[in-house]
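Note that chain A is present in both complexes that follow, paired respectively with chain B and with chain C.
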Partner chain A sequence: MAVLEFKNVTKHYGKVEALKNVSFETIDGEFLVILGPSGAGKTTTLKITCGLVNPTEGSVFLDGQDITKFPPYSRNISMTFETYSLYPHMTVFDNMAYPLRSKKGEFTEDVIKERVVTIAKMLHIDPLLDRFPSEASGGQKQRIALGRTMVRKPEIYLLDEPLAHLDAKIRVELREEFHKIEELQKTTTVYVTHDYIEALSLGDRIMIMNEGKLLQIGTPEEIFERPVNYEVARQVGQPAINAVECEVVKEGKGPALRSVEEPDCVFSLNSEQQSFFKQYDKNRLLLGIRPKNIGLKPVKDADEHDGIIDVFQPLGSEGVLTSNIGKLSIVGLIDPEAKVKHDQKVKLYVDTKAMYFFDNETMKNLML
Partner chain B sequence: MNQKQIKIVKYLALFLLAIFVIFTLFPIYWTFNTSFKTMGEVNNIPPTFIPKNPTVRPYVAIFGKKMATKAIMSSFIISVSSTILSVIIGSLAGYAFARWPNRAGGDNLSFWILSIRMFPPVAAVLPIFFIFNLFALTDTYISLIITYLIFNLPLAVWLMMMFFGDVPVELEQASYVDGYTPLRTFLKVTLPLVKPGLVSVTILCWIFSWNEFLFAYVLVGSRVKTFPLIFPALAVGSTNYWNQVCALAVLVIIPPIVLFIILRKYMVRGLSLGVVKG
Partner chain C sequence: MAEVILKNVNKTYLSQKEKVEAVIDLNMEIKDGELVALLGPSGCGKSSTLRMIAGLEEITSGDILFDGERVNELSSMERNIAMAFESYSLYPHMTVYKNIGFPLDVMKVDRAEKDKRIHEIASVFNLEQFLKKRPPELSGGQQQRVSLARALVREPHVFLLDEPISHSDAHLRFQMRNEIKKLHFQLEATMIYVTHDQIDALSMADRIAVMNVARLHQIGTRDELYDTPVNMFVAGFVGEPHINFLECETAKQGGEQVLHVRGSDNLDLKISKAKSAKINEKKLDKVWVGVRPQNVFVSREEGVVEVGGAVEFSEFIGEKAITTVQNGGAEFRMLTPTDVKYKKGEPIKGYIPDEAVLIFDPETEEAVY
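Take a look at the complex of A and B:
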């Protein structure tokens, strides 16, 4: 049972504001992924949680107890570092046994050995136990670091970009394993990454951060389907969401959106969206369309546009199509085996249901 | 450059190295050689390169002199005490300068410590003598221990500061999160990683204290003597006992050589390479 709570936490490093008034609460036993670009304040959040960094303002609670002033060694929170931080002068076994030996006499050497070997077998590093960390590969080092985190039973696991420095194949392998490791699934885990696929794959909930601010916290579906603002929509999804600055035109068959950059391109709206824009009192907005909702095949409620293909990148499981509607450049996802070429004239279909509308100044999602 | 020229350069380099080796090893060889000669053979002209009648008399004579054995013991006590203190204080200060440069006094303080090493010791020897005299500390172990400590600390602090600076802070942070207090982290993680630094500092401090002559000559001399003060006593007078001088010299270079051989493998750097990231 462990619920972590941040209450109005702010952290300054000199003049730099790393965290700005961040408040959130975990659910007991959940896998919470913090997603954001570098400098978002993700690692600072973890370091404040484990006590390596003291917040400038605000408090941290663990199960309702204020732990803000507790030193790291008296919080029962374990963490793997982005850089692994294995002790080079100790064998893999001693590295993993290290947390268990922190309080003299807490565990006998037999108990320690049993626990280390169990975890090592689970992580497939049992043949390495007598070696030194310098003799292990990158993926193995990451497993050893994980093993050291998991040998004791902490209230919370903190994982700081555990897959960031591994090559693609091992990254996918380990990501799958995270799903299977019971300890991580049962215990509250806070996982930091800048990779939205990791976030969507692993997170029970995702917390999006940028420039020290918490933007949104919610399930992967919520984050993907109902982003609170343009920044959240931009961070989740690859290729990134298309953003078209539009003005509302209230002529003819009810409201529609006309691109500011390319006035010939008008996006029509379905009836629900039209009734919203009848009430909308501003003129401008930012229209967001995910690439997966732009294609060459007609779908129900699709809005049709004349486009010219600029670049097509077949990537195996999907094809990234960059095309121009007049001066407007739009990215769509299509069948990777599609036979298209540069400068070809095509009909582009935009799924009107899947359009997002953001305020062009505050960048907030207008439909929420 | 063609093959021939490369060869010429190679032989030239070997030739220069050979001269260097002879230049540095010859005095040691000659000391060793002389220490086994009788007084008669020492003064032979031309000199003999291998003793005709090797004898251990000079060594027996040195061991028979209470003054000499006592001086070697005194040298041990003074140099070992001063070295232990230098390593302890140097590590703690070096750690503080490496981790919290501002709280430890900043660049100016650490540079001031280093600057102690920059002025010639001979300029300080008289003031130091008067200060110790004021406290009635001349001719005591403690005066030399303190003096050697002062001159060893800059080296100890700076070397340890650099070694500690190379230990990633994240290793210490990981240890805190693993449940260790800062003191236990220092002992379990940080200190073992700077072992090569500790060894280098130990050797350098000890050799300085072991061989030092100037301060010993001024600060002590009657009740307390270190071995460097014995040499003039053997060599000055109506007869110069060169064979005994050399025997004493051979005896006192043995401990540094043994120490160096034992500790050499720990001086190898690189333990901390590949710690962080793959």
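Take a look at the complex of A and C:
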């Protein structure tokens, strides 16, 4: 059993508030991903968990026991760092064996060999055991660092941006491999990243942080489909969600939303949305539309708008189209093999049932 | 603007211990006004190539020509190029304003014009608020943008960019790709862009030059690299999500030739007669098949080659879902609708257009067309 709990943890570094009253509890065995931009407090959260840093306020519990004051070596928690920190003068084998040799006599050399070789095979680095870290590629170094954390079979794994410094291609390959490392899948693992695709792909649950605060914790679907506020919606998705400041217009066939930047652009609402806006007591709001809900092909109940193409970025499985509806710049996704030109006039279709509505001051999701 | 031609270019680094061939026999023609991306993994030779074009590295053998004129012996200054390199230093004692304006000072552009251009480019790269600051006060990503702005404020023959946006977050990179692409369109500039990230290459380049281990494998448009890669390296490297590679054997089923996927229970690809004929022409009884996950469709109308199996797991990544399907000892991945939740073990079928089934010779790893 390994349930990690943070209760009202706050951390100040001088005047900087790295963590602001963070509370959460992991589910035993889950792969929890902490997602957020630089400076969100993700690494601080990990360092407080393994004991490298003490909280200014609040407590940390492991399986119900208060470990806040425990030194790192008496918590059975292992952490890998963004910069692998492998010992260059030791072989890969010795690097991985190091944590098992820290207390003389704790493990026999036979046990050490067995553990190291098993884990090395699991991570496909067994051919490197007699080599030195300098002979390993970036992806291999990453796996050696990971292997070193795995040999002591900790109760909790803490992985700090393990894929950050690798080539894009290798990041995708290793991300796929993480799914298959059973040891990580069944042991409580807290994985930090700034890449939302890694988060959605790997997390049983995702914890979104920004500026020291915990914004939301939930499954990938919950985070993506029911973000609690605009900040969460913005972080999860590429390209980022379109944010259009709108006024509620109540004349005519029922409430609709008019863009403040481009008053000729009006988004219609379905009957369910209209009922909500009939009651809405404010005049303004922030409308969120994900690029995947804007395209050149008509879909059921879509709003049609006249647009002019600005830039087209054809990618792998989709193409990213930036267009202008009057003065409003909007991003949509289309076929990557579409032949479109700069300044071309097009009809843009917006799937209005998939729109998000945020309070323009608090940024909260109005529909939750 | 200029056309850049590389003829039999080689770069060899000699040290006490060894000889490293960083670039071997490179032949490439970059048309005037084209944006070509040099794409490949770390160590493939793309940066060495760029540095030779820039005049920062000696060319061991071969020629580099700008508009037909051999530039091997010319210095960087004399080549009239602009560079935005990942580690290209900014002047730490000068403000961002002065750093960006420096090339214009050298060119003796008049003050009013210079001020206008600096503000324009600063606005494009969200640097307005930093104009009075000095480089050491900025983050890595901000410094990169200043470097890029400084390169783009001039109008040189060729722009050389080496991973110019790598230190920025995903959203900022998206915006900067838009800006670089727009600038390219407006200036009609010849640009050579080095990157290991295919998203950079795919999104901005007119053509992409794929390199690996010192050699150029293929240069072509995004569609050409996607639909007709010359070998397994290109097919595997360029493609998001990663292509499926299936080891196959030719077999007969009901009088027709099919490709049986090794280790599978019943994955037998009913490829077209034309494709079968090509395989037989080369006398291959074993082939590697490449199929991109986005070409395996859930709907029967999309393709004639049927595949199927049981769902192993589904990766939901927001805008798309990638489902891994198992069939006996073989597996493949396909894109599935994000609003459908598949259970582990659930049977699933996929349909592939015949032209999306890529065939590779297992010995040479070259594509068979």
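Keep this in mind: the second predicted complex is superposed on the first by the 368 of 368 C-alpha atoms of A that agree within 3 Å, B and C clash if a C-alpha of one lies under 4 Å from a C-alpha of the other, contacts with A are read in each partner's own complex, and residues count from 1 in each chain.
Convention: contacts are C-beta pairs under 8 Å (C-beta built on N, C-alpha and C of every residue); 3 or more make two chains touch, one makes a residue touch a chain.
It should be emphasised that the depicted structure is a prediction, and the values quoted were computed from it without experimental measurement.
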{"item": "Fit or clash - chain C, chain B, common chain A", "value": "fit"}
{"item": "Geometry of the superposed three-chain model: angle at chain A (Cα centres of chain B and chain C, steps of 10 degrees)", "value": "80"}
{"item": "First (chain B), second (chain C), both or neither touched by A:G29", "value": "neither"}
{"item": "First, second, both or neither for A:F224, with chain B first and chain C second", "value": "second"}
{"item": "Which of chain B and chain C A:G138 touches, first, second, both or neither", "value": "both"}
{"item": "More chain A residues in contact [chain B versus chain C]", "value": "C"}
{"item": "Chain B versus chain C as contact partner of A:P239, first or second or both or neither", "value": "second"}
{"item": "Partner chain in contact with A:I77 - chain B first, chain C second, else both or neither", "value": "first"}
{"item": "Which of chain B and chain C A:H179 touches, first, second, both or neither", "value": "second"}
{"item": "Which of chain B and chain C A:V311 touches, first, second, both or neither", "value": "second"}
{"item": "Partner chain in contact with A:I197 - chain B first, chain C second, else both or neither", "value": "second"}
{"item": "Which of chain B and chain C A:H165 touches, first, second, both or neither", "value": "first"}
{"item": "Shortest CA-CA distance between chain B and chain C [superposed frame, angstrom]", "value": "11"}
{"item": "Footprint overlap on chain A, where chain B in one structure and chain C in the other make contact", "value": "138"}
{"item": "Residue ranges of chain C touching chain A (in the complex, touch as defined)", "value": "41-42, 169-171, 174, 177-178, 181-182, 185, 196-199, 202-204, 222-223, 226, 237, 239-242, 293-294, 313, 315-320, 335"}
{"item": "Touch list for chain A against partner chain C, complex", "value": "37-38, 138, 167-170, 172-173, 176, 179, 194-197, 200-201, 220-221, 224, 234, 236-240, 290-292, 310-311, 313-318, 320, 322, 333, 336-337, 342"}
{"item": "Sites on chain B touched by chain A in the complex", "value": "168, 170-171, 173-181, 184, 189, 192-193, 271-278"}
{"item": "Partner chain B, residues of chain A touching it in the complex", "value": "47, 50-52, 71-73, 77-79, 81, 83-89, 98-99, 102-103, 133-134, 137-138, 141, 148, 152, 165-166"}
